[in-house]
Amino acid sequence: MKYVLKRITFFIVTAWVALTINFILPRMMPGNPAQAMIAKFHGRLNPQAIHALKIAFGIDVQKNLLLQYIDYIKRILTGDFGISLSFFPSPVNQILSYAIPWTLGLVGVSTVIAFSIGTLLGIRTAWRRESTSSGIIIPIFLFLNSMPYFWFALLISYLFAFKLKWFPLVGAYSLNIPKGFNLARIASILYHAILPACTIIITATGGWLLTMRNNMISVLSDDYVAFAQAKGLPDKVIEYKYAARNAILPSFTGFAMALGFVISGALLTEIVFSYPGIGYILYQSVLNLDYPLMQAIFLFIMIAVLTANFIADLFYALLDPRVRTGAE
Amino acid sequence: MQSDYKVENILNVKGLKKEFKIGSFTNVRTVHAVNGVDLGIGQKEVLGLVGESGSGKTTIARLIAKLYDPTDGKIFLNGKEIPHKMNRKALLNYRKDVQMVFQDPFSSLNPLHKVGYTLSRPLKVHKIVNGNNNIKEKIEELLEECGLTPAKDFTNKYPHELSGGQMQRVGIARALAVNPKLILADEPTSMLDVSIRLDIMNLMLDLKEKNGLSYLFITHDLAGAHYMSDRIAIMYAGFLVEIGSSDDVINKPMHPYTQLLKKATPKPESGLEPEKLDITGEVPDLTKLLPGCQFAPRCPFAKQRCSEEPPKMLQIDENRFVRCFLYKH
Amino acid sequence: MDQIMSFFKIKKSVAGMIILLFFILVAILAPYIAPYSPTSMEFMPLEHPNSQHLLGTTATGQDIFSRVIWGTRLSLSVGIITGLITIALSIMMGITAGYFGGITDGILSMITNIFLVIPGLPLMIIIAAYITVKGVMTIIIVISITGWAWGARVLRSQAMTLKSRDFIKASVIVGEKSSHVIFSDILPNMLSLIVAEFFGSALYAVLSEAGLEFLGLGDANAVTWGTILYWAQNNQAILLGQWQWIAVPGLCIALLGTSFALLNFAVDELTNPKLRRR
Amino acid sequence: MKKLALLVLVFSLIFVILGLGEPIKYGGTLRFIGGGGWAQFPDSMNPLLPEGGFSPVVAEIYEVLFYVNPLNGNITDLLGTSYEWKNNNLELDINTREGVKWSDGTPFTARDVAFTFNYIKKYPALDQLAVWSSTSGLESVEANGDNIVVFKFSKPNTPLFYYLSNIPIIPEHIWSTIKNPVTFKNENPVGTGPFLFKSSSPQNNVILAVKNPDYWRKGRPYVDKLEIRAVKSNTTSLLMLLRHDADWGDCTPADPKKLWVDKDPELNKMWWPVNNANILYLNTQKTPFDIPEFRKAVALAIDKESLVEKAYHGSCGGVAHPTGIIPSQQNEWLDPLLKDVNLRYSPQKAQELLTSIGFKKNSRGELMDSDGKVLPTYKILVGAGWTDYITMAQIISKNLENLGIKTVIDQEAGSTYMSSIMSGTYDMAICWWAGEGPSPYYYYYQGFYPPFSGSKIGETSLSDYARYTNPIITAALETFSKTSDIHLQKQAIYAIERIIVEDTPLVFLTNRTHFGCFSEAYLVGWPSDSNPYCAAEVIDSPGGAMITVNVHLK
Amino acid sequence: MKTLLKVKDFNAGYVLTSQRIHAVKNVTFKLDNGEFLGIAGESGCGKSTLALGIAGLLNPPGEVFSGEVEFDGKNLLKMKNDSLRKLRWKEFSIVFQSSMNVLNPVIKIKSQMFDAIQYHTNMPSNHLEERAKELLELVNVSPKYLEAYPHQLSGGMKQRVVIAMALSLNPKLIIMDEPTTALDVVVQRNILQEIDKLRKKFGFSIIFITHDLSLLVEISDTIAIMYAGQIVEKAPSTKLYAKPLHPYSYGLMHSFPPLVGKRQRLHGIAGHPPDLTEDIEGCPFFERCTKRINGVCDKAKPSFIEIEPGHIVACHLYDEEGESSAK
């Protein structure tokens, strides 16, 4: 319980600081959302619209920053994120509700897959450390991990979607499919997700592989592994029950962080594949000085990261009894 | 108050107490590492401090070495009280008199620094000698004094090029560099090979004679303590339970814990059949201070009173103290 | 010395060193290798690779080969300088927190944790979008600010471990000042970790720079691999059949990144006693 | 007899077919794709919000009074059928169309029009074209019976007609009950337009609309469905077009000829009509940009042909005319005397001009002003990530270097960029004309009218980004707006043009265009040079709505 | 008594990229059923390598170079990995030096006790619990700790659990590699007492490895002294204590100050052990030996001589050649 309390304290303080940074940052910058709108439309918008926009956005009257801040905190506490300026007059919540499920689906699942593959490969390469296959796999994944992922996305999108037409170019599902929850729709969603997911999985797996490999090698030199060997246990039991089970623990924090950051989306992947998601929305909200949207997304990301951390800690405690019972 | 505080002692500690907080934020527990210890170390005296791991003996050394601030209690050097907080100058002065030798020679030397550099630091910091040549000379002198000959060969060596015993000698030379009056030796031989241990102990004894040093010699080995020390103090769970001259404590242990220690120590010289123990060896939980005697749960002589009321240090004769209700209170 | 020798015995580190040295050489010798000025627009636009223009020309008539060569300078510098700044920040925060402990640690760790929790890329976008002077320096600052926290965390725990080593206590008892203990005893003993972290940060920097440039948040006027990619993408290079325009800078980034990753891996392998091949 | 009759019938049918041309095929779907500009389509269908603030389908649902083609001023009657200026241009009467019904069946009347205008007067946040602003002179709007709307003015302002005709008309019976129209999202839009909203899929960024069966223009639209989609990158929209996954794209391939037309010249059509100009704004409130000769020297020093080639691959409509007038308006509005004026690239002439005002290069080739002080390094402001502007800035920077003027390129994010331009803190900036319209008046009005200019640096300049005003121009603008006589208006415009050519308040670089990429794989009837029924505007504007009712199956 | 284990000419060490460490050299010894053999030596003398090598647990870079290990009639070194694995724990078990860390910290004691039994015997699961409880009771640990995690046990308890685990399949031999070094004296004494009790009850043999000779003479039947990878002396403990023959054994025996009796100066063994990466020509102890015979000890390797039945020593002082030159 005390453990939980401690985490919550950290959670609240961090959230508050981050919220404040979130409030201050965009306001330090010159310009206002109305001007951003004018710039965005490259002359298509009548300059006279600025006046109307300012009234609509509620930025026609200069409010004291402190009052704005209090108002901001109040709004956040009540869960009212206001109306987006760049998607005026859609409420922020609604915009998030369109984007977040896709991000969670695509980036979340890809992250889990990348973590699983990477971890499994990490276990194998550590266990068979001296083998040739380990010697080859590692540099390959180091390379994949060092690729700019948008670049990789561009290449596979051009090759597999445009040239070979094996996969769709854009979107999250096909339009010709009846609405609602049905098999065809699920198939279509999966089909559309393959390329974007591949970019994430292929470029992210290496990191997990290395982390797990190093953890695993550390654990393999631990005495309980040697002891398990002395007990005459089969290799598989030692590899998984004794080594991997312990080696995976340190990876959890990183994995939780990654899961938390899933909310921030995979901006460049979204752009290349025109996949719906929060990344591009965040990007647009920043460029258009859409304070309410930006703030809400930041808040969500932070809450997600903190929550993921929190859950990871609990999970960690579940897997590692030393943490649970407060041993030193 | 019964204690062996003596003004003429080089060092006295009175009511020394140290608590550690473990865990953080909301889950704080207190470890009672040292609970009101009174000690005195005389001029040119070796005081052996014996106890099992976690009994607080290392903490005492570190408190005296000013690595930790005590929770409570006083430290007197040459009869003068040493404040808890000192400015850098006062602290340097203190460190000039009180030095320390560590348990693990492999870890007590910075692996990246040559022996010469390691030894030059105290000389420079305390301005013992000036000028590079003089420093070099002094380093060689120190090395020779500690049996590392030819000294010139050693100044340019890295710790990993030395054996454990040689490293420990360098550690002793470092402590010696500032001409201290008191050296706190925290289990200086326990990590060394058995064949080397005696050499180190002998070196320390020789240096004591030669330089008029005093030692606080910390060990878990009763036999080693007996070999080295003029007096022996026994610690249990952060308390001093017995103190007396070396021969008295070993030959006529009074506290049941001391008796237990003696029984458990291998001593083939008194017969090859080991003594039977009838006490289980569970270590005390330092986060839970018992109301009575800390040893009561394990003590074969424990009475009702022992678990209710903490025994006080009882003076048996001039040099002998014991903290036990078995003796007249 | 032994460590340096065994460093060269690890194939991966040799491969990493060779790639890195290659790029460093290219960066240094850029004026001699590059046939033309990287910014000159005097050539026929969109030429396919030929003997005059090994990698063809851009849509504005710039020689792509020369741009890639010159781009090595900035891209490599961004990687290395950002790596250095990042690691310096990590050291400052991590070691201070780890060595002093107590309240100092509490505050610094809190700051570190906050920076860990704030999402990197979005924060980068915000800062990059609003720093009014665009330039490579901006990119360096942005990536450094957002990238130091992980390293600080690692270094902090390492500093705490080192702090409990006896030679640190010995230095304190000798009477050394804290600054001397940190710089003479703690830092040098963390060198391998710092070097590994540095390569890790450099990899992160190179990839982040490319990402920011690709989004148009960098200095599109500068010549870096990231901007070459950016212009290539904006000119739909692939559709124009100018594969090399997009493939080569991307490959350069991936290779430089791989060299950093290999070096990181090798240093880790070598100095982490548990990973070391006995 | 029967056979003969049959024969006659057959022949007459053939005759009819030949005579009337091919019959237009009905059906099909028009698939529009927008790239870049939209992160996600707004899901609001409130037509009174600013352009881009509502879903693009709204322009197909709500109609305006007249579509005034900005290229040539041609007027297409929509909900208005005719208009007349009266009472010394202090009153405008517009006749509205009869027999039009809102999509819920309620008849449309002039009262809806009057309601719309009074509604945006009541809610200034909705007055996106500022028709009720203090400078417009509009006083009241009233319906006179079912079919006439009367606009009354306090001072004549004939150019306002263009803005008035661009306001989407909303049904009074629905909107009169709306509490807060500024945030009203209008999820069930009721309009008079050619299409009805069907559904939207915000996740996929696709909006579907179907043909309005009761649309007042009989037989229109030809297509049954509209599919409007946004993707997140320009390249993707081009790929979609190339794959024939879209028929019409608002996308800007770097080199539209090579990347789009040449890939399949039979089917891939582009029409990029000029609608604006790219301008190098020189901050005339800072020296030496306040010296006309200096400005002209800058203009002469810039190789505009090269800008067209390098920044736009030649597809921006060429070098802009020194008066800034777009090519399609030049026949009518350009002073014949200025026809051959140009500021062709001439570093030498530029140098001479600088010498004439006492500016000299020092030994290091740096330009010194008449006091012998070396000019500082100036910033050329462009939007971050706007590659055409950055390329132009790079070339301009090199050009100016030849004159001895040092510059750096300052890339700013949108809001910062606009804020620097409007507050006048910039040195040089590349930007566009802050106004478009069917005659040069609209550019000049926004560009030079004193109320839109900031009097000193730091003060907001709404649209006169160069912060340049001139009494002759001001007077000419006022003359123009007071009259509905085209001859007088022309004289006024000529006067302004002469000042511009003489004083070089702005440095015109290249033209700007709309970006219509059309695919004839399935549909034909797109606007083009030979059939410029609109200006290839994007689908979310009245001009875009012209396209949707004109295209049909091949 | 029957011989349980025969080790002959056993050589093992570590092969590194840069060097080869010959940690165990030509070790030969025998162990009878029920015998308690103590192997004493200082760090780096190869005693742990020997233990691991016998058990076939020397992991790379460790390697057995040559020799024979005959256990209960089976040649362990010639056995396939799988069959060796089946033998382990069932026939012989091993208790490690760092016994505090041999329990997997994240798995319950119960599961760690069960898995070896299960793997080797297919014991039905309801019996497992029974057996585990029985085992814990044998070593004086409350069966409630079956549900505990290792960190919830004190060091002594952990060591008892490990010993219980080592007993779980009634092996014929338990190899104990410094099982009590990390423990406090009292706890150490307690555990040794129990081991002795169990040995008497079940009759298994023990190889007990430690650096603490004074402890060893109290508890073991036979003692072998190792130095620089070789056994230099082997004798029944009483004999060894009474009369250590090898100068090293003598030195080692006198490196422990006696607890009782008069305090007097003692002297350890000067110098330090030789570098095992290099081949030593003569006696490995030559450099440190106070009784060395120049020209003999540094030239020829001493061979084993049985001075009395069961008391063998490898020292030139006792072979004919040496003896003659010593006199």
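List of remarks:
The letters A, B, C, D and E name the chains in turn, as written, and every chain counts its residues from 1.
One rule holds in what follows: a contact is a pair of C-beta atoms (placed from the backbone, for glycine too) under 8 Å apart; a residue touches a chain by one contact, two chains touch by 3 or more.
Values in this document were obtained by computation on a predicted structure and should not be read as measured data.
Judged by touch alone, the chains other than chain C, held in their current positions, stay linked as one piece. Touching chain C and chain D at once are the following chains: A.
Highest inter-chain contact count (C-beta pairs) belongs to A-D. Chain centres computed from CA atoms place E at the largest separation from chain D. Between the Cα centres of chain A and chain E there is a gap of 54 Å. Chain A and chain D have Cα centroids lying 40 Å from one another. Between chain A and chain C the centroid-to-centroid distance comes to 22 Å (mean Cα coordinates, whole Å). Chain D and chain E have Cα centroids lying 92 Å from one another. The set of chain A residues touching two or more other chains comprises 29-30, 158, 283, 287. Not a single residue position of chain B touches two or more of the other chains. Of all residues in chain D, those touching 2 or more other chains are 239, 242, 413, 416, listed in ascending order.
Within the complex formed with chain A, the residues of chain E that make contact are 55, 57, 59-60, 85-90, 93-94, 96, 98, 101-107, 115-116, 119-120, 149, 151-152, 162, 165. Chain contact summary for the complex, chain B toward chain C: residues 62, 65-67, 88, 91-92, 95-96, 99-100, 102-104, 107-113, 121-122, 125-126, 171, 174, 178.
Residues 10, 13-14, 17-18, 21, 25-26, 28-30, 138-139, 142-143, 145-148, 150-152, 154-155, 158, 206, 210, 214, 217-218, 221, 257, 260-261, 263-264, 267-268, 282-283, 286-287, 294, 297-298, 301-302, 305-306, 309 of chain A are the ones that touch chain C when the two sit in their complex. Within the complex formed with chain E, the residues of chain B that make contact are 52-53, 163, 165-166, 193-199, 202, 220-224, 226-227, 246-247, 250-251, 260-270, 272-274, 276-277, 279-283.
Chain D meets chain C in the complex at residues 234-235, 238-239, 242, 253-255, 258-259, 306, 309-311, 313, 384-385, 387, 390-391, 393-395, 409-413, 416.
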